[in-house]
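Pasting the structures in now, so scroll down.
What follows is a pair of complexes built around chain A, which joins chain B in one and chain C in the other.
Up next is the complex of A and B:
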C-alpha cells in the first residue's frame, strides 16, 4: 500500500474521518491499529519483528532509567543495541556477508557452499531500527526520560506516515506530540494538503518518469556512451531526490493534517556548494542521526589522534552510512566516496577561505552558481556508483564518460525530456531558495495557488505514472 | 555563566579574536564551530582543565551552559577526589 495508490487514498480517508470524531486517547489507539494494518498490507509476519524490536527497547530503557549502577545501565544498553543489530544483520546483511566471504575465500582457493537465506527484506527495517536505537541511547545518556506508556511508545515506532521511509524522528520530538492532545486547525489541514499534493507531483510526475530514462540505460549492457551516461546521471540525481523528498513531503503532509509537526527531511540539497552543506540539506533526519550516534562517539573516542581522529570518524561513519543504504559493495564505495569528499573539504576549507569574496553582487552570484554546478557534478559521480548494479558497471560507465563522450541526435531528445520533467521543480526551488521558505508557493495569493494546483494536477493526471511504483528508499 | 578560561580555550581553537558566548549559545552559532571542530574543542578543554569527559556526557550537551556545568562538576569531583 504505497502513498501513491488508490488503496492508500481510501485508507487515509477512512483513518482521517475516524480521527476527526475521536478523542485523543482513542485517536492514538486508532492510529496504532491503522499503522498495523498499513504495515500488514506489505507482510503481516514482519510485524512480529517490529514488536520484538520495540518491546526490547521499551523494557531496556525502563531498566536503564531505573538504575544508578553504571555497569547495569550499560548492560541493558548493549543488550538493546545487540538485539536490534542482530535482527538487522540477519534480515538485511546475512546474504551479503556470506557471499562476500565466499568470494574472499575463493581468492585463496578455498571453496565453500554457504547457506543463503531465502527471505525478503522486511520493509522499513532500517528506519525503525534507527528510531528505536536512538530512543534507548537517549535514555542512557539521560537526554530524555523513558515513557511509561507502552502504547505511546508503540505508536512512536509504528506511526504509519513515518514507518517505511522516515523522517527518522527522535523521541524527544515525536513522543510529546503523541502523549498530549493535538490541535486540529484548518490552516494546518491546507498546509498538509499542499505538502501531499507537491509530494505526489515530485513522485508520480517527476521521479517515476525520470525512472524510465534511468532504468533504460542502467539495465542496458555495455558499451555505454559518455553523453548518455551523463544525462542519465542528471536524471537519476533528480529521480532519487524527487522520489525520497516526495515521500517525505507526503509524510509531513499526512502528519500536518492530523496536527503533527513532522521535521523537514530535505532542504533544497542541490543548492549545496560543498559536501558538508549537502549533508545538512539531504536526508537531514539520517545525517543528524549519524552525526549524533555514530560520528560523535567515534570522533570523541579518537580525539587524541587530533585531525586524524576526525578523518577516521568521517570515513567510518560514511562507509556505514553506505552500508545502511543497502547490502552491496556499490553502497559501501558510495559511502567511502562521500566520506572522502568531506575529508578533502575539511582540509581544503582554510585554503578556500583565503580567496577573497568578489565585491560586486553579480560576481558573487556567478561564483555561487559555479560552485553549485561543480558540487552537483561531484554528487552525480556518487550517484553513478550508488545506482550501478555492480562495481564493474560503474567502472564501465566511468570509462565511457572519459573516453567515449559523443553527442548523438537521441541525446537532444533526452535533454528536452529531462528539462520538461524538472523545469517546474527548478522554478519552484529557486523561489524557495531565494525566499528561504519551502512553503513559498503555499503562502501566495489564491490566484497563484490556483494556477499552481491546476498545472500540477493536469501534469499528474495526463503524464503521471499511474501504476503505484514503489518508492526507491523502501528497499533500504 | 561562561568563564573567561573556557571562552579563551574555545576562541583559541576556533582562531577567533572575540565572540560573545552565553549559557544559551549553541555550538553552530559560533563561527567555525562545526561537527568537525567540536571534538578538537572538547579535547582542548580536557587538556586545559586536566579533566576527562565520557561519551555519554558529550552526547547530552545542548548548549554552552551545559558544557560549563559539566566542566564545573568535573573540577569539583577532581578536587574532592
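Up next is the complex of A and C:
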C-alpha cells in the first residue's frame, strides 16, 4: 500500500473520517490499528519484529529510568541496542556478511558453503530500528523521560505516515504530540493537502518518469557512453531526491491534516555548496540522528587523537551510514566517499576562506552558482556508486565518463526529457531558496495557487506514471 | 475524556481550491468533446465508436482475441474467393486484454443498436480465458466500459471498490485518456523504429552479399502487420457502406442462410457451469471469464442466436512449446460445451496450428496467413451451413 496508490487513498479517507469523529484517546487507538493494517498490507508476519523491537525498548527504557545503578542502566541499554541490532543484522545484513566472508576466504583458497537466509527484507526495518534505539539512548542520557503508556509508545514507533521511510522523528518531538490532544485546524488541513499534492507530483511525475531513463541505462550492459552516463546521473540525482522528498512531503502532509507537526526532512539539498551543508539539507532526520548518536560519541571517545579522531569519527559514521542504506559494497563505498568529502572539506575549509570573497553582489552570486554546480557534480559522482548494481559497473561507468565522452543525437532528446521533467521543480525551488520558505507557493494569492494546482494536477494525470511504483527508500 | 480541538476558520474560504475545481470541470467538459473527435487509439475504441455511430446489422458476427482480429482484417486488402457471397460478416474481435467481460460488453452494445445476427463466432486462444482481474488494463477495459450499467455489472461481479474507482476515474476525468493515447503513441513509434532499424540492417547485409536471418520478404510481410480493426472484405458486390471504411464484407456463405428459428433453442435452460474449483483444476481458466462467457451465452440465447466457439490457430513453434496449454484449453471448452450446451464447439473448424510463414509473430497472422485462414474459414462455414440445412 504505497502512498501513490488508490488503495492508500481509500485507506486514508476512511482513517481520516474516523479520526475527525473520535476523541483523542480513541484517535490514538484507531491510528494504532490503522498503522498495523497499513504495515500488514506488506507482510503481516513482520509486525512481530516491530512488536519485539518496541517492547524490548519500552521495557528497557522503564528499567533504565527506574534505576540509579549505572551498571544496571548500562546493562539494559546494551541489551536493548543488542536486540535491535541483532534483528537488523539477521534480516538485513546476514546474507551480505556471509557472502562477503565467503569471497574473503575464497581469496585464501578456503571454500565455504554458508547458509543463506531466504527471507525478504522487512520493509521499514532500518527506520523504526533507529527510532526505537534513539528512544532508549535518550532515556539513558536522561534527555527524556520514558512514557508509561505502552499504546502511546507503540503508536510512536508504528505511526503509519512515518513507518516505512521516515522522517525518523525523535521521541521528544513526536511522543508529546501523541500524548496530548491535537488541534484540527482548517489552515493546517489546507497546508497538509498542499504538501500531499506537491509530494505526489514529485513522486509520480518527476521521480517515476526519471526512473525510466535511469533504469534503462543502469540495466544495460557495458560499454557505456560518457554523455549517456552523465545525463543518467543527473536524472538519478533528481529521481532519488524527488522520490524521497516526495515521500517525506506526503508524510508531513498526512500528519499535518491530522494535527501532527512532522519535521522537514529535505531542505533544498542541491543548493548546498559543500558536503557539510548538503548533509544539513539532505535526509535531515537521518543526518541529525547520525550526528547525535554516532558521530558525537565516536569523536568524543577519540578526542585524544586530535584531528585524526575527527577523521575517524567522520569516516566511521558515513561508512555506517552507507551500510544503513543497503547491504552491498556499493553503499559502503558511497558512505566512504561521503565521509571523504566531509574530511576534505573540513580540512580545506580554512584554505577556501583564505581566498578573498568577491566584493560585488553579482560576483558573489556567480561564485555561489559555481559552487552549487560543482558540488552537485560531486554529489552525482556519489550517486553513481550508490545506484550501480555492482562496484564493477560503477567503475565501467566512470571509465566511460572519462574516456568515452561523445555526444549523439539521442543525448539531446534525453536532455530535453530531463529538463521538461524537472523545470517546474527547479523554478519552485529557486523561489523557495530565495524566499527561504518551503511553503512559498502555498502562501501566494489564490489565483497563483489555483493555476499551480491546475498545472500540477494535469501533469500528474496525463504524464504521471500510474500503478503506484514503490518508493526507492523502501528498500533501505 | 477530552474531545477534539477543532479550530476551523471558515472565513478563510478555499478560493484557490474552488477555482481549481471550476477549471477542472471546464477542462474535463472540453476534453470529453475533444476525445470523441480524436482518432481511435486502439481497436477497441474503433469498434465501440463504430457501434455507437453506425447501424451494422451483420449476418454473422465474429468476436475474439487478437488472433481473430488479425485473421479478419488486413489494411483493407481484398481477399478473393471463388465462392459467391451474399451475407455480411463483421468482426468485432479485439484482443485478449479486453477479457471475456469486454467481449460481453461489446456484444451487448452491438445488440442494443443492431438487429441480432444469425450466427456469432467466438474465435479465441485459451489466453482470453486466462485473464485474471488484476490484469484488466486501463487501455482495454477501464477507460471504455464506463456506462452506468457496465459499472454496476462489474461492481456486482467483482465487489471490488478499487475497480469501481478506476471506472469512475475514466468516466469523470476524460482527460486521463490522454495518457493512454501517449502510451499507445510511444509504443507504436518504438515498434516502428525497431522494425525500420531491423529492415535497414538487413538491407545493408544483403547489399554486402550476406544473408539476413530471415528473408527480406518475410520481414516486409511482418511490417505489413494487420491493422487492428477487423474484417475480411471482398471487392465486388454488396459491400456495406461504412463511410469508406473497409469494414463490412462478404464471405463465401451462400445468401440463403436463414435465421435458425425452427432449430432447438440453444442450450439447456438454466444450465449451471462447473464449479470454479473444477475449472481451475482443468486449466488456469478463471471464474471471471466463465461468468462473462455465461452471460454472452444467455444473452444470445434470449435473442435466438447461435454461438459457435472456434479455437484460434498458432504457429507450430508456439503449439510445440505450449501445446499442453492449448489442449487443456480445448478440453475445457469441450467440457463446458457438454455441460451447458449453450454453445457449439467447432473443434475442427480450423487447424490448431499452421506453418510459420503465415504468421508475423507466434500467434498473429500476417496478410498471407489472413488470406489462408479466411479461405479455410469460408470453406468450413459453407460446410457448416450445409450440414445445418440437411
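Keep this in mind: the second predicted complex is superposed on the first by the 476 of 476 C-alpha atoms of A that agree within 3 Å, B and C clash if a C-alpha of one lies under 4 Å from a C-alpha of the other, contacts with A are read in each partner's own complex, and residues count from 1 in each chain.
The rule is short, and it goes like this: contacts are C-beta pairs under 8 Å (C-beta built on N, C-alpha and C of every residue); 3 or more make two chains touch, one makes a residue touch a chain.
Keep in mind it's a predicted model, so treat the numbers as computed, not measured.
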*Which partner does A:368 reach: the first (chain B), the second (chain C), both, or neither?*
neither
*Which partner reaches more residues of chain A (counting touched residues only), chain B or chain C*: C
*asked:* According to the stated criteria, A:346 is in contact with first (chain B), second (chain C), both, or neither; which is it?
replied: first
_Just to be sure I read the superposition right, which of the two partners does A:137 touch: chain B = first, chain C = second, or both, or neither?_
first
*asked:* Touch test for A:186: chain B only (first), chain C only (second), both, or neither?
replied: second
*Once the structures are superposed on A, label A:457 by its partner contacts, choosing first (chain B), second (chain C), both or neither.*
second
*asked:* Taking the superposition on A as described, I'd like to know which of chain B and chain C A:310 touches: first, second, both or neither.
replied: first
*Touched partner set for A:295, first chain B, second chain C, both or neither*: first
*Which residues form the common part of the chain A surface touched by chain B and by chain C?*
none
*For chain A, which residues count as touching chain B in their complex?*
137, 140-143, 276, 291-293, 295-297, 299-301, 303-304, 306-307, 309-310, 313-314, 346
*asked:* Could you list, by residue number, the parts of chain B that touch chain A in their complex?
replied: 34-36, 38-40, 42-43, 46, 53, 55-60
*State the interface residues of chain C toward chain A in the complex, per the touch definition above.*
1-10, 12, 14-17, 19-20, 23-24, 27, 138, 161-162, 165-166, 173, 175-176, 178-179, 182
*In the complex with chain C, residue positions of chain A that touch it*: 6-7, 10, 20, 22-25, 27, 181-187, 190, 259, 446-447, 449-450, 453-454, 457-458, 461-464, 466
